[in-house]
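Okay, so subunit A shows up in both of these, paired with subunit B first and subunit C after.
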Partner chain A sequence: MIYIFEDRDSRKAQNQDVVKEHSDVICFAKFDIDTDQDLNDFIVENFCDADCLIFHKSYTFKDKNVNLSQIQSYMLRSGVKFCVYSGGIEHGSISQDGITLVNANVMYENLAHFINYYKDSNEVILEILLWGERYRLSQLISMQYELFNQYFMSNDLEAIIPSEDLDEILDDTFSKFEEYEFDASPILDKLKDRMYSLTWNEFFNMLSTGIHKIELTL
Partner chain B sequence: MRILISTRESNIRDNSTDRNAWGVDSIRVWGTDITDSLDALPVYEPGLTFFVPTVLERDNALLYDGALLALRILFRYICNFRKGINIVLLGTEHLESFLCHFIYPNTIKIPGIYYCLNNQKIVSSTILPLNKISERYQYAPYLSQLGIKLPSSFKSTHSLTNDWCLYKWNSFMGFSKAFDDINLNSLYFDYLKAIEKIKDVKYRKLENNKELKNEILTLREMTSRILLIDDNVRWHKFFREIFSKSNVEFDSIGENFKKLDIDVIKYEIAERIDTFNPDVILLDFRLIEDRDADCRFDYISGTQILSMLKGTFYNPGKSYGRQVLIFSATSRIENILRLKALNADGFILKEKASFYSGKDDTKAIISNMVKTLSESIVRAGFLKKLNAKFDNILCITDSYNYPIDFVESIKHTVDSIRLTSQNNKLNESVLQLIYLDIFKIFESIKNISGIILFPNDFALSVKASTFLQICSHGKSSIYQKSPDDWNCIHKFSLSPIHHKYCKEKNLNFAICAIILFRLGYTQIDDTHWNDIRIIRNTIAHGDNGQLAKRNLILNIDSLKSYILIMLDLIDMILDPTKINEIKPILS
Partner chain C sequence: MSKNKVSSKDRIDFISFMKRIASSRHDLTSRIDSRMETVSVAVDEKTSYVKSGKEFHHSPPKMIEFLRLFSVDDHYKWYTHKWDQSGVTLENLIKAQPDRIRQLSEFLFHSENPINKRTYGQVLSFINFNNTGDDNYLWYDNEGIANRTGWHSIVELHKQNIDTPIENLKFSDGSLFLDYIRKFKSSIEFRTDLRMDDRFHKVIRNSIKRYINGAVQVEYTGNFRKIGYDVNIYCDINRVISALKIICDWIVKHKVNGSNVIVDISANNDGYELTIMHSGSYLTNIGKMQNPSGDFAKLRNSLFSVCDLTISGDYKELGENKGSIVVYGLDSETTMEDNHLSDCKIYHKNELVGGVKYNIKFYK
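Moving on to the complex of A and B:
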């Protein structure tokens, strides 16, 4: 279940249609914890089925001792995805510790797509809230960035890749493709033909071409 | 000087090994050495070159935060040093791919901007020609092609104007505390600065603007209550600062409105107005920006609140006379006309970045705001009293058994005056019209049967010489005429010398009689009736002679004053609880 903690009536009214349409998996919720109530007990009692909490950044809590970062830490520790949105966030971001920030308008624009993916796969992909239908492209570019920084930033691009390293490099590269769930087999087939005397630049070009072909399928 | 921007995710740091390997003079880490504020950039020097990775954080690769940072760096140098620098974008893909993905592909067309792969050897061997741009205007055609978009945190140009206007006004007024909250740290504002739509803030001292300072001092000396209705708490702070140490009582409401339904907002505003009783209301046109941005005019929160406050022409609501000024970024003429039709009393328009052409603009707009507020306070001071007196008179005529045609004529007069005063400046001509309209009520009063309840057996005679002589009822000569003759004022019998005034329904005689015998005054002048009458004759007939004799001056202030005095007299005459009937003395 996905819970949205929206405390602006106008925004709630504007977006209630999409939430109602998918009321089996998502709802607007309130975090009405009492002053003397334990946070853990309250969450277990009310949101034990949560796969993801989406919180307005300036959500007003009834209990002034509770704040957003407490809930965020608790949820991230429990493996529940957590997203914070606000009208004041200019560029959305996902930090390495899993904290997702997104602009309110962008979040609501991408909400339907996010829910549909969740319903189809039972998986919460917060990048969809940031990028909508372009989230796979975002992942593809992230992967490219990682591979580039790993292999091409420090090496002389004209140099031939040492043959003793090549297998490991290819294994790592394809692991990366698998990690991001992209199909590396077309690139693999081409590389097999050029296993020797391959320069970093050639490797980069082959990867780039392969990644571009993947992009065309997204 | 060659500077490489590094990311926290990479291991490249500012040490001699990395500097040599990358062939740069300095390495700065994004998020540590360089932050959002970009304050730590070195001063311009010829040949200054930045090497900036297109992506700074892996998880946000599609954002190309590094390329955006590069643009901000360029804008800073264009703005601050007006000279060209070189920037090399360090990508992790082919240029074609980068241009397909990056939101501002025309970046690469800007002189001094280059793209290459983020590779140590390529960077260290890159030697660039000197950027020959020496004047900022040379950048203009390239920057205009970028198509820099509003930040996503701005729903519309309304919120942009809000931030920009707050930035300009607070800096112009020297309100440094309020300014702390305003964050113009974004690509868009750096862009505006680069194209000279914004200049970096300079705190000014109000003392340096003598004219404006005097206008503000005058405003502060006025005794009034002003309520600001705005969801942006920074405007609350701005106006609180303006009205600090002043006679103006200031209150604000709206910081929680974003979270409320429009009906709840209406309720909260009505409640605050009841308790605070403001003279002037500053009403933000878009109170709930999230919702208002997509709304039709009639459903915009400001429109709905204005309708509630001002009511309609025939049902003007409690706020009639209270000045409601629309505080808005809108300069759309159709919006202004429609708000005017909803009885908005005035407009305070926020300064817009797109219209800015120098600090004189800011000064003129602030001065206009101060003048509008001052004029509104003056208007409210008169119209609120006028309206309260109208309400009272309408209440009396409705409550007591006055003839229907009389009650209708009063209502008609009140409606007419409300319309005149709502839609016009209160200059001398308008006030004269209002004066004559109100004076007509005396005519209607004269015709009310039985307004003076003389004993049937007596009649009133006015002695010769002046009208003042009839003021003292003790000196009036009352004599008995035939029975049943004296119940109506138009049947008064007069001594021969005044016969010309009073033979049939003479207004002056009737009102004098009412003042003396219904209200129990001993002097007509205690009620200002003679002044009221003389002013009326002056306006209607241009008879200035009597005005001079009584040392009366006809101007805006005296007209306002006598309009209110007239209404007081009408109120006394019509309110049965204020009757102090004097029985005529038999002579």
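Moving on to the complex of A and C:
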């Protein structure tokens, strides 16, 4: 079962159709824990069948001693997928320890695809909530945009990359590939071979070719 | 009593008292509210934590509670958040602001665990509609660059472009108000949803690079890249940058002791510990470490109610090795009284550290 903790009435009304249509696997829920109630007991009693919780970042809890990060830690420890959404989050991200953030509008736009996949496969793929049905392609495009924005918008493409910056560039490029779970090694191996006198333009071509090769596999 | 001896807290209390008396006169209360905002924003280096003779506790969790408001609280989040709820208007924000600022000032003036006065100033300089004029108060982005543009800057612009969403309002230099909102958001929280340069590992790395400026070799561990990439916590980032500048200046000043620095991070249940190890360096003069003045005092003040601080290092007296010491610069027992921080606790150890290790603890 998937539970959405939405405390905004207008957003709930706007999205109730898709939730009602799939009420066998998803519902809007409330986290009405009382002050004297134990968090573990409350979760076991009310959400023991949860495969995924989707929480509004500003969700107001009746018990002021309970907060979102406690619930998130509990769920992630229990192997339940957990996603936080907000209008204030700009780009979706999933950290290595499973913390998932997504913009509220994007989450609701992708909700139907997410539910359909869950119904078909009984698998929760949070990437669909963040990047849509063709999420691998969207992730690749996002990664390409972020890397190009980082390296090529403000640098002179004909200039040689300062050698003292290369380690950091390798680190950041690797981190970005790792974030989206793409294999960076073919590009990084080539880069390591060309550590000296590499221009931004050559780096751009290496990245473009590498990303294009990944695209062909999707 | 001379003007500069009246604390901001006294002024706020006096204005609040006057407002209660004038509560039935709306024409007076709006003028009083306007004065309140002007006073509230005037929190600078000279502002004391008030309540003379009283002890205040170093409390980074209080800073988190304060900064979280701008992300999740329905009264404050509209300053950083897309207006995706009906009823949010500039007029309503302006009207409600005196009460909001009064609530925010509680974090500084009426708490046993006050936030850092500079954290308060950072936020108020951005949100305060009365922070106008050529000498208005500044706030700082996560590169340490000062900004004058804030919510006060778009009031007139909004009137001229009533149908344009607030974040899309354009200034004469072509920049959007959204650019400043993003800068502000990424100055109060290490975020993972904006630019690569706004991520924790980049903010730290870029700051160290800027201040070390090639004077020594800096190495970043695999953990620093891996863990630092995903850090998502509320923090007054400009206070951290100020602290890093002081630490880097020390390293550069003592580069003759060692030309290698290793930067690492570890994660635990309640937060992250950033470690900057200056190999080969050492500490001297235990008295100065215990009751700091100068840069060490500045460093502690920078991180008061922001992060914990520990310095451990090999210790020498008159050139003779004396094992190592651990200096607890800021921890749960640190207090402030009359703007002075309590002495640092220092422990001796026989084991050597291999240099001087600066440890900054960030809370989740």
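Note that in this section the second predicted complex is superposed on the first by the 137 of 218 C-alpha atoms of A that agree within 3 Å, B and C clash if a C-alpha of one lies under 4 Å from a C-alpha of the other, contacts with A are read in each partner's own complex, and residues count from 1 in each chain.
Operating definition for what follows: contacts are C-beta pairs under 8 Å (C-beta built on N, C-alpha and C of every residue); 3 or more make two chains touch, one makes a residue touch a chain.
Quantities reported herein were computed from a predicted structural model and do not represent experimental measurements.
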item	value
Contacts of A:101 with subunit B and subunit C, given as first, second, both or neither	second
Touching partner for A:152 - first (subunit B), second (subunit C), both, neither	first
A:142 touches, of subunit B and subunit C: first, second, both or neither?	first
Which of subunit B and subunit C A:210 touches, first, second, both or neither	neither
Partner chain in contact with A:8 - subunit B first, subunit C second, else both or neither	both
Which of subunit B and subunit C A:88 touches, first, second, both or neither	both
Subunit B versus subunit C, judged by how many residues of subunit A each one touches	B
Subunit B versus subunit C as contact partner of A:69, first or second or both or neither	second
Subunit B and subunit C footprints on subunit A, overlapping residues	8, 10, 87-93, 95-96, 104-105, 146, 149
Subunit C contact footprint on subunit A (complex, rising order)	8, 10, 57-58, 69, 86-93, 95-97, 99, 101, 104-105, 146, 149-150, 164, 168, 171-172, 174-176, 179
Complex interface listing, subunit B residues touching subunit A	9-10, 21, 55, 57-63, 65, 92-94, 97, 101, 117-122, 151-153, 155, 186, 258-262, 264, 288-291
Interfacial residue positions of subunit C with respect to subunit A in the complex	71-74, 77, 80-82, 84-86, 182, 185, 192-197, 201-202, 205, 214, 220, 225-226, 229-230, 232, 364
Subunit B partner contacts - residues on subunit A that touch it in the complex	7-11, 13-14, 60, 87-96, 103-106, 131, 134, 137-138, 141-142, 144-146, 148-149, 152-157, 204, 208, 211-212
